Each structure stands twice: as C-alpha cells, then as structure tokens.
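First the structure, in the form of structure tokens, and then the observations on it.
Which chain is which? They are A, B, C and D, in the order written, and residues in each are numbered from 1.
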Amino acid sequence: MSSTLGEKIKLSIFGESHGAAIGCVIDGLPAGVVLDFDKIQKEMDKRAPGRDKTSTARKEPDKPQILSGVLNGKTTGAPLAMIIENTNTRSGDYDSVRFVPRPGHSDYPAYVKYGGANDIRGGGHFSGRLTAPLVFAGAIAKQILAEKGVTVGAHILQIGAVRDTAFDKNNIDAEKLNELSSDFFATISNEKEIEMRTAIESARLQGDSVGGVIECAAVGLPVGIGSNMFSTVEGRLSYALFGIPAVKGVQFGAGFDFAQMRGSEANDPYEIKNGAVHLKSNNNGGVLGGITDGAPLVFSVVVKPTASIASAQDSINLKTMENEKLVVNGRHDPCIVPRAVAVVEAVCAFTLLDMMM
Amino acid sequence: MSSTLGEKIKLSIFGESHGAAIGCVIDGLPAGVVLDFDKIQKEMDKRAPGRDKTSTARKEPDKPQILSGVLNGKTTGAPLAMIIENTNTRSGDYDSVRFVPRPGHSDYPAYVKYGGANDIRGGGHFSGRLTAPLVFAGAIAKQILAEKGVTVGAHILQIGAVRDTAFDKNNIDAEKLNELSSDFFATISNEKEIEMRTAIESARLQGDSVGGVIECAAVGLPVGIGSNMFSTVEGRLSYALFGIPAVKGVQFGAGFDFAQMRGSEANDPYEIKNGAVHLKSNNNGGVLGGITDGAPLVFSVVVKPTASIASAQDSINLKTMENEKLVVNGRHDPCIVPRAVAVVEAVCAFTLLDMMM
Amino acid sequence: MSSTLGEKIKLSIFGESHGAAIGCVIDGLPAGVVLDFDKIQKEMDKRAPGRDKTSTARKEPDKPQILSGVLNGKTTGAPLAMIIENTNTRSGDYDSVRFVPRPGHSDYPAYVKYGGANDIRGGGHFSGRLTAPLVFAGAIAKQILAEKGVTVGAHILQIGAVRDTAFDKNNIDAEKLNELSSDFFATISNEKEIEMRTAIESARLQGDSVGGVIECAAVGLPVGIGSNMFSTVEGRLSYALFGIPAVKGVQFGAGFDFAQMRGSEANDPYEIKNGAVHLKSNNNGGVLGGITDGAPLVFSVVVKPTASIASAQDSINLKTMENEKLVVNGRHDPCIVPRAVAVVEAVCAFTLLDMMM
Amino acid sequence: MSSTLGEKIKLSIFGESHGAAIGCVIDGLPAGVVLDFDKIQKEMDKRAPGRDKTSTARKEPDKPQILSGVLNGKTTGAPLAMIIENTNTRSGDYDSVRFVPRPGHSDYPAYVKYGGANDIRGGGHFSGRLTAPLVFAGAIAKQILAEKGVTVGAHILQIGAVRDTAFDKNNIDAEKLNELSSDFFATISNEKEIEMRTAIESARLQGDSVGGVIECAAVGLPVGIGSNMFSTVEGRLSYALFGIPAVKGVQFGAGFDFAQMRGSEANDPYEIKNGAVHLKSNNNGGVLGGITDGAPLVFSVVVKPTASIASAQDSINLKTMENEKLVVNGRHDPCIVPRAVAVVEAVCAFTLLDMMM
C-alpha cells in the first residue's frame, strides 16, 4: 500500500479500522505556525459519523492526540505526529466477508494483492475511517493557507437526482466558502438540502445507498501555481482526490460539458478591471495550461453510492470458489457524500499548500 | 515547469515548438527488449498533424532519432534518448500574442510565472507538439505491455453533440482495441464517424473549434495493480492524463453517472465463471479500492475545444494593461480530439507499465 | 525537516526527545511477514542507553508499541506504525542552551532555520534518541533480509587510537556477523574491546568524549543490486548513513586507502571457484559501478566524539549577541560509538531491503 | 539504471560512450537566467581528455548543443536539453571484454544485471564520459549560485603518496576557489603539482594507474540549508558524489580524523566577530546536524586508481566459465583525479543549488 502524499510536505497516513489507532505524520510543515485546535476539531467533526440519520450510527470520538511537532501551540518544524485511538469496534460484524468479497468494495483485489494477510476488520486500512487523518492534515493546511489569503470550501452539488445550485464560477467569495465549510450538510440552496435529505432517507429505508457530486472551490490563489505537463494543478489535485474512497471522477471548470462546447464559448476572455487582469468567464475553473490563472479554482468530484448495502448480493467464496449470496451486517452510511465534503476540502487544501511551499 | 513523469520508469520530456528539437529521455526501461520501430512510427503518425481536414495543415514529419539506450534494435537498459528535429516553423505567426494572451491558452499564467522569459513561439513548451514524445514513450510501453498480455486502445466517444457507441465495459477484447488503435479516426460506429467529421467541418468553416470525449480501455491487466490511498490506479492515471493539454476531466467506469445510481445497481456482483472469478458488471471500470480487479480498465477524458480560433476575441495587453481585441493567425486544428486519441492511449500505457514494473 | 527515507518502503520518523512519544511509520512492507518481536527488542536494547559506563546513565525503556500494520504477528501490508512513549525526561537540564548554542551540536543552524520555534529540550527532533525508530525499522528489515539469505553485521573498528581487527573483506560469514550483531560492545578482538573501554572511561573521567569508526558488512547479496550514476549502492547507503547524528564520513572497501594504491593492486581479479564467479580480493567492498558484485558489502563510517562534554566551552548568546561561556549539564555518553553500531546496521539493512524490493 | 538526480531541479543524463550522442535534460531551472556559454565551455574543457600526458590521448571535442530551454541566451523555464555528439570512437578496442570482465570495472555486475544487453563499447552508459553532461549541469548551477553569492572550488589533495596543502577550513575565500577552479591541474602548492605529475607519469610508464583525493569547498552559503535525518547536506552531497565513477569515500570536515579526536578539540566553538556569529574552528566542515552553519562547506572524496591498466590481469570468461588472462587495449588515463576535479565541483554545485531552490 502507498499511504504517503505530498512533495514538499509529506503526509504519511496509517491505521486500520479496528486496530489500536489511526493517525498520520506530517513532515515539512513550516516552523512557528500557531495552530487553532478548536478549528481542527470542527473539521474532524464534519467528517465524523453518527451526527444524524444520513450517516452511520457508530459513534467515533475523533479526538486527535498530538505526539510531536507542536510545542506551546506552535509547530516546531519537526514532523507532526497525531493519533486517534480506535474505540467502539464491533469486529464480529465482518467475519462473514473474509472469503466472500463485498461487491463494490476492495475486498477481492486486496485479497489477491495481500495474499489474505490484510486486516479486513471494518475495512482495515481501506476503511473510510482513514480519511480522518486526511481531514486533520487538511485542517492544518487550511490554517496556513488562510495566512496566505487562500480559502477553500465545498458543497454537495448533487445527491441522486437532486441538484444544488452550482457555484457561480467567476464570482465566489471567501465568506461564502467559510460559511459552507462550517455547515454539516453544506448546500447553497436550503430547499435542495431538504430534498437531498429525503433522497438519502429514501435510500436508507430501502436498505440501499445513493451517490452524489461534491463541488469544491478555492479563492485567493496567486497566478502561477502549478505547471504544465506533469505538475498541473488538475493532475496534482486529482491524484490526491482519487485517494478518497468512492471518488470515481474529477472535472475542472466546465468539465465534461466542454465536449459540447465551441471554442468561442469555452474560451475565457480577458479584460482589465480595476487596473488588474480579470477573466470574464471561468470555464477553465481557474487553471490554464496546468497553472492557476487568478480566477477561482473550481472542480467537482463524483462519489459513488456506499458499497455496503443491506440487501443480499451475488458474490463468491474465494476458498470454495463457488457462488455465494452475501448479506452485509453492521451499520453503514446510506450516503457518504455529506461526510465526504470535509475530506474533499482537506485534500484540496493540503495539495494546494504543498504546491505553494 | 515539471516535465518528468513516472516512478520506476522516468520519462523526461523536453523541447519547445519552434526550438531546435523536441524529445525525451526514458530512464528505467528493462534491458533486452526488442523494439518494433515501424509500430512506434505508426503511433507517431496517429498523433501527427496534417492528415486530413480535421487537423491543422502543418506538416511535421515526426521521425524520432534514437540517441542512446538502443543497440541492434534492443534496449540496453541505459536511458533511451530520442529527439525529433523541428522543421516547418513559421514563427512570425505568433508575434502578436507576446503581450496579448490568447483566451483559453496558458499564455497569461505562463507570462506571470516565467516573467515573460518563456518561449511563446508556437506555444513553446506548452505546445500540443510536446505530446509527440509522450506518444513515443507510450508506443514503447505498449510493446512491453503486449509481452505481458496487456492491450490498450481508445476511441472518440463524443464530438460536440455526436456520441459514439460506448465500450461494453464488461466485454472488451484485445482485437477490438488493436483495431481501434490502428485507426486514424477511431470510432466504434462508422456512422458516428461521419457525423463527427461533419461536426468538426462545421466548426472549421465557422472559424471555430469543438471539444469531445475519448474513451480508453485496457484488457489483460492482472488483479492487484495499484493500491488504495495515494497510489490508486485512478489517481496515477489521472495525474498523467491531465498532463495532456486540453484535458479537463477524467472519470472511471460509470464516472459521473454514479451520482444518480443506487448502491444496489452500482455494485458489481461476483460470480464464478469457468472456474475463475468474474464480475457480472463493470461500473467500477476495473478498479476497486484503487486496485485493478480483473475486469477491463475503462475510463474517459474530456478534451476542451481547441483554444485557438479564427474569430476575434476579447483580450488585454499585459504591457499597456488595456483591453485589446485579439485575432489569432496561423493554422489550427478545429478539433484535436482525433489526434489526442493516440496521446491518451500513450499516457495510459506508460502509466500502467510504470505501475507494473 | 525531512525525516522520510526510502523509495519502495517509505519510513517516516517522528518525535522529539521530550515530547509525548517518538516513533515511525513504515509504508510498503510486504504483507504476510511473520515478525519476531523478541529479536526486534534485542536490537532496540543494543541502542538503548544506560547499559554500562560507556553510555549515559539515563534509563529509557525503548518498548515499541505497534499501532497498525500487524495482525496476529504478521504484517498486513498496510503502513506499520510504532510509538515509544517518552519517560524519564529532565527538561530543566537544557534551559541554559536556549540562546547559547552548544558547540558541535545543531543548535545554532537549527535556531536560524526554524526561527527559534524548534523544540530544543533534549535536542528535540535532533536528538540521538530519534535513532530508536530507525533501529526498529532496521530490525524488521533484517528479518525480511534473512528470508532472502542476506545477513548484516557491524563492529567497532576504532575508538580514539585503539583499532580493532578489520573484517577480512573477502572472507566474512553470516555466523560471524550474527555473533557480532548480538554483542552489546561488538569487536572482533576481545583485547581491543578492553582497550576501547579504557579509552572511553578515560574520556569520561576527564569530562570529555571520544570518537570512533564502525565497520559494517552484509553477506548473501545477489549480484546486480543498485545501478550506476544516481542509484549506486554507495550513494543510497551514504545518503541514509549521514542521517545518523555524528556520522561525518563513509567509505567503501579500501576507501581512502585507494588514494595511495596503484590500479594493479586495487583491481579485484576474477577467478572461477567451484564453478562460480569469485573475486580474488575485495578492495571495492562488494560494489562495482554502483552495483553489487557478489563479494561481501563492506563499508565503514566515522562517528565524531559526542558534542556534549562537561567542560566549559566558548559560545555566544544569540539574544544579546555577546560571547558567553557554556557549561552543559545533564548526563551524556562519553562515546556513542558502541550504541551507534546497532543504528549503522539498521540503516544498512533498511536501505538494502528497500533496494531489493 | 537510474540516471536522474535532484528534487527541485531534475537532471536526467543519457548516452553511451560509443552511441550517437550523450547529453542531459535539466528540468526545473528558473526562467530568465542569462547563461555564459564560454564559462560553461571552460568547465567542459577542464573535464575533457587529451590535454596532456596525465590523461588519455583521445580527443573528444565536448561541444554541447542546446536543443531547448534557452532563448536569446536566457533560460526559458522549460526543460533545458543538451547533446554532445560522439566522435572519434574506436569500438574495436573493446571487443575482447564482452565476456571477459575487466577487474575493477562494472563489467561483471552489469553483465548479470542487464543480461548482456547493455552496450559495453567504451564502457557504454558506465563510461566516465557520462560525467560530461554532469559538468555541463554543474556549470549552469555555478552561474546561478554565483548570483546568490555562493562559490564552489576544488583541488587535488592527494595523488598516490603526494599530498597537497589542505584547505584552511575556516579561512577560504571565493577568489582562491575561483582561481583553483580555472586551473587544469588544480593544487594549492605549485611544488606538489610537480610531484603529483611525476607520480602519474611514473604510473603511466609502468602501464599502471594511481588514485587520489579531491578536496572541495563552497563559501557564501547561508545558514540553514539542509535538515537533519534524511535531507542532510552530507547525505545529499554524498548520494550524488558516489555517482561519479571511481569515488569510493566521502568525508566532511575532519572526516575520518574525528575517530581520534576528543570532543573538546572536535567541537567548533562560537564567538561574536564583527557583530556576527563566527565559528572559531571548522572541524565539522560547515555542517552541523545536517544543516549549513555559515562556515565554509569542506569535504573530500577519494578516487580509486583507473581500473583500466595495460598489464595482463586475472579474469574469467563468462561464456565458458573458465579462467582467462585479460589484456585491455585502448588508451586510458593513468590517473583520472585531475579531470575528476571539475566533476566534483559540478556535483557539489548542482546539489547545493537544488537544495537552495
């Protein structure tokens, strides 16, 4: 497995869902940064399960303990290590899946890859729980980015067939992003939140799950971050975003809508506005030739429906090599999109900071 | 700029559109591989311009010269260096854009990033021409992958509003991929090719351009390539794919359609077929938890319409900081999607090989 | 700071001498490896202080706690995280050095680099204590190497003017290395051990310290590990070895003695012995052109005398920018060479394993 | 093989001694740097063979041709590619060694590693000729370092038993380094140069070769370059220095002499001098805890005697697996130390620049 991310700031994530602890090491943070641990906890809480009916009923008090790298509330420049002890694990729930891979999960390829030695309890190192250290790292990155005038925020753009108002790509302000970022179920339209909750509840009642799309933006980025070819903003971000379990697509600006556009409408014209360069539209999502162009960075990611569902599914037994019906017990999110918002923001913040160091 | 790709095989691309030569160095190829240079040339030709009306009229004889790493037709294990000398450059065409950035191009952020020192003639290092070495590297990768039983192929899924038949994700064979891969305008449906050509010609006649979608697949991959978190197949591929100019979105399997799906339809159930594990559907595009699952790898990328168009566009003058109309002269592709097919295949092949070493 | 080592196996070390805990994450270990924790503890004990008069009187029970990556005594393939809680810290001892850098220590450049934000208690992240996780990682590497037939061992070649018998470079066997490796004060000659202990005790009684040389070897390596230019065995090993505090030189085979040699005596001739290729001498220390040649790998490192000594030293006050006498309190090793033997072995084992993966 | 060096600036070296060309790509240079190509050529000439009797009689006009990355004499920020065409190759000379490995060369391990597919003509990619692109990259690095106030220079410290005056480690000025750097046979003492030339000539007349030591220094470095553990100045430099063929040891400051020193003499005390921090001695060679401390960086490397000698040597035939006498024909340097001075300077300059970016 490869659980290390970043070039100038190196994030190493460890832990298994039902092991002693999960956590991370962040190597390369600047020294002397004052950290606001309440803000970090708030980000952790956004991702944590058990808040309401849209997520699993498990209670995981995601309280990070700092082991190193912080002295008197300030970074020391040495690697910052953090652990979250695992509690409230009901290992028995997963025994049935040892040789019967759950459809949509990594069980089967992981079984082949690790020869059956990987910890499958609760998904092991593949568990969505491993996004908690990612959110922690992102929360720290957000604070350092804020000092540089950069703000990151995201909202649920779509759940099933319900679609929120999209960002006005060329007109996003930091306050709005901060407001969204402090919301547990972040949408631009309040009505759409209600419809989305209904869609999730409907899936839950049917023992099923539903997918969605998260739209994320960053404002305040200087022109010139990233480069063409193999250090594009798009490439660096998507590399990390696909590390979030269930993400299956990433698009920037107009994204897949570009296919149906003409160059004359897709190109973002320039104008001088208040003495500065301004883009009159932002179809490119703030990135041209892989480099930030001063317009807001805007991208969206699709999150597939939670693979764990209550209904019986066709599977196989890897020991007997015979077909076998699988019923997955345990408590699961009917929709992980709301919780994933914090993770998408975190990955975006961490990657942007790494590119700006 | 960062023009280096790969972990075990390191590809370093260099060159500027109107400089002495473009080329690449490939460090880490296995020794003793017999290379078929005719096949490599065929791939180069697929990407080369000037074939028909869908692409620019420029003629660039993309003939790679090998400088090192090959002896008697076999790789030596030392870095393989290749150059393509630049010819047929009409530098005068681009003088007008030095301080007047072309909308949709990297001109403006590159000007800021490189303080005006970058070579802008023909797009310089940002030119689509720099995908030629990428295709060269991909062509070599394809030959080594073929020895491992892996075949890569792609087709034009969409041009403007015209949509080709998509891959039957769970039923793709190597012959079909090879057939597509030998086609200069690769589509599954012949009728759609005609409609697509019409759409491109229509854009060309209007001095405009049009975007599209390329769908790519790989078959024969063993189970277990990639890993979760930060070495996912999706992340590694998209990192490289966004290095292709104009790519603005990447999706795997059902991609953005997952948003509207329920878990019960999205999950790919297992069955035993002919004594082997088989997935009954392939919504996940051959990747689960970031790891190949034995089903065909299937993904698609969106290519935005060529930014260079004939009509006058709103721009600015970076010297005078005043608004200025821009008319781009020179010959340009009304649609780069057909030529980009070879590049997408190349990036896919190179990345898969790098992950399999 | 950069505390991450390795290419295929990534080791991330964290912790500060007087912080909550030190530890490491090892990402990329193969799955299914049975670990012998008694053997790991034995390696930890070799490095740990407080064994006898040659080392500091501090007692640090270096008991690693595994947080992840191990299930039922076997690696899971997920990152292996380990912590050692810090105890028995007497922070008061170090207050005097905050603005008065200790000669020979990193205090001054670290103060400049981290703007005074780094944790200086006990040396912080610069403490020799941070070699404990390195020994842990090396102990695991040794076990995996043993399965591949590779054995690593080292001994004290020199303390002050006392010189142990050197390895017979072309005639080293695994048993001898294992024997040395199980010794707390590893020398080939028993008499020299006594003389070395005397030299150390003499330095200690004078409130001074003394340096030395450690010679390390590995046998059982296949021909072909490493490559020329920038992945040489020598370069990879020395890169890591200089990460051990106080190491100031590394030499392979005849090392600096090569300066006085003629090619006719320096070259290692070949012969066929028992049907296999054999080198008649091993001046090159098992590496030719950066690649292992089948002869034992032999190198030595010099360890400077412990910088912390009891006598008053000339220093400065970085706040007042005036000269100031410095007296370092606290307990210190008069010679760290005996404890460093385990660290050199560990770095060698980890790096060789990383190169062999 | 791995011929890629650097983290922020990536140098990719290619070529084989008797192939079409050798060269390199340098990715990550800042844009807008004015390059002095005469100075670059002077560095190339220092390394080039055929100047006098101390080196091989081969004439290689090492004239770099720039393919990309430079426009109007200034860097563009895009990868800088350079080639040197190979001429004057007498391939016939090396036929005898195909299956009869030359002692002291990489022939045998390379044969095993590359399965006999590597190009052995003139040493192929293992040839010392491949240090030419390294010198080219170093020459560019030196020019950028000069703008930052950093000067690098080296001299021959030892040839056989003849030893030049060493640097006064705490008192080295830029002018002296520049003076040494412009010398084809750089020594501090003129008399020692004569003795060294005599020692080389003596070896040459006997068909033998002789080794030596090169001492290198850099002044003007700011405090704070590098970090402890795994990005030490010592580790980064030695990693690259061992990439120079024949280098078998690297030591910093007092190096292996530290073994016999007491802490009280080894520690470099501080004082305030002209209002600034000053080290009263420089046993640590300008590096403490892996970080530059403001004193001159001083290190030395040992270069083994040229492996190619005229006398018959014991070898084997890898095909017949029988002992075989080997006589190496062709023209060879009786001592490569004088030519290697430019290479050591180049590696030092490139690595320091990479660490300062």
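Note that in this section contacts are C-beta pairs under 8 Å (C-beta built on N, C-alpha and C of every residue); 3 or more make two chains touch, one makes a residue touch a chain.
The shown structure was predicted, so the numbers you read here are calculated from the model rather than taken from an experiment.
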Of all other chains, the one whose Cα centre sits farthest from subunit A: D
Listed pair (A-B, A-C or C-D) duplicating the B-D contact set, over half by residue number: A-C
Length of the line joining the C-alpha centres of subunit B and subunit C, rounded to whole Å: 47
Inter-chain centre distance, subunit C versus subunit D - centres from mean C-alpha coordinates, in Å: 27
Inter-centroid spacing, subunit C versus subunit A (mean Cα positions, whole Å): 39
Contacts with 2+ other chains: residues of subunit A: 1-4, 13, 113, 125
Chain-level touch network, classified as line, ring, star, complete or other: ring
Chains that touch, pairwise: A-B, A-C, B-D, C-D
Touching residues (chain side subunit C, partner subunit A) in the complex: 1-4, 10, 12-16, 19-23, 25, 27-28, 31-32, 65-69, 71, 74-81, 83, 113-119, 124-125
Touching residues on subunit A, where the partner in the complex is subunit B: 1-5, 13, 101, 103-110, 112-113, 125-126, 130, 158-161, 203, 208-213, 223-224, 227-232, 234-236, 238-243, 245, 247-256, 258-264, 266-272, 275, 277, 280, 283-285, 288-294, 302-309, 311, 313-316, 318, 321-323
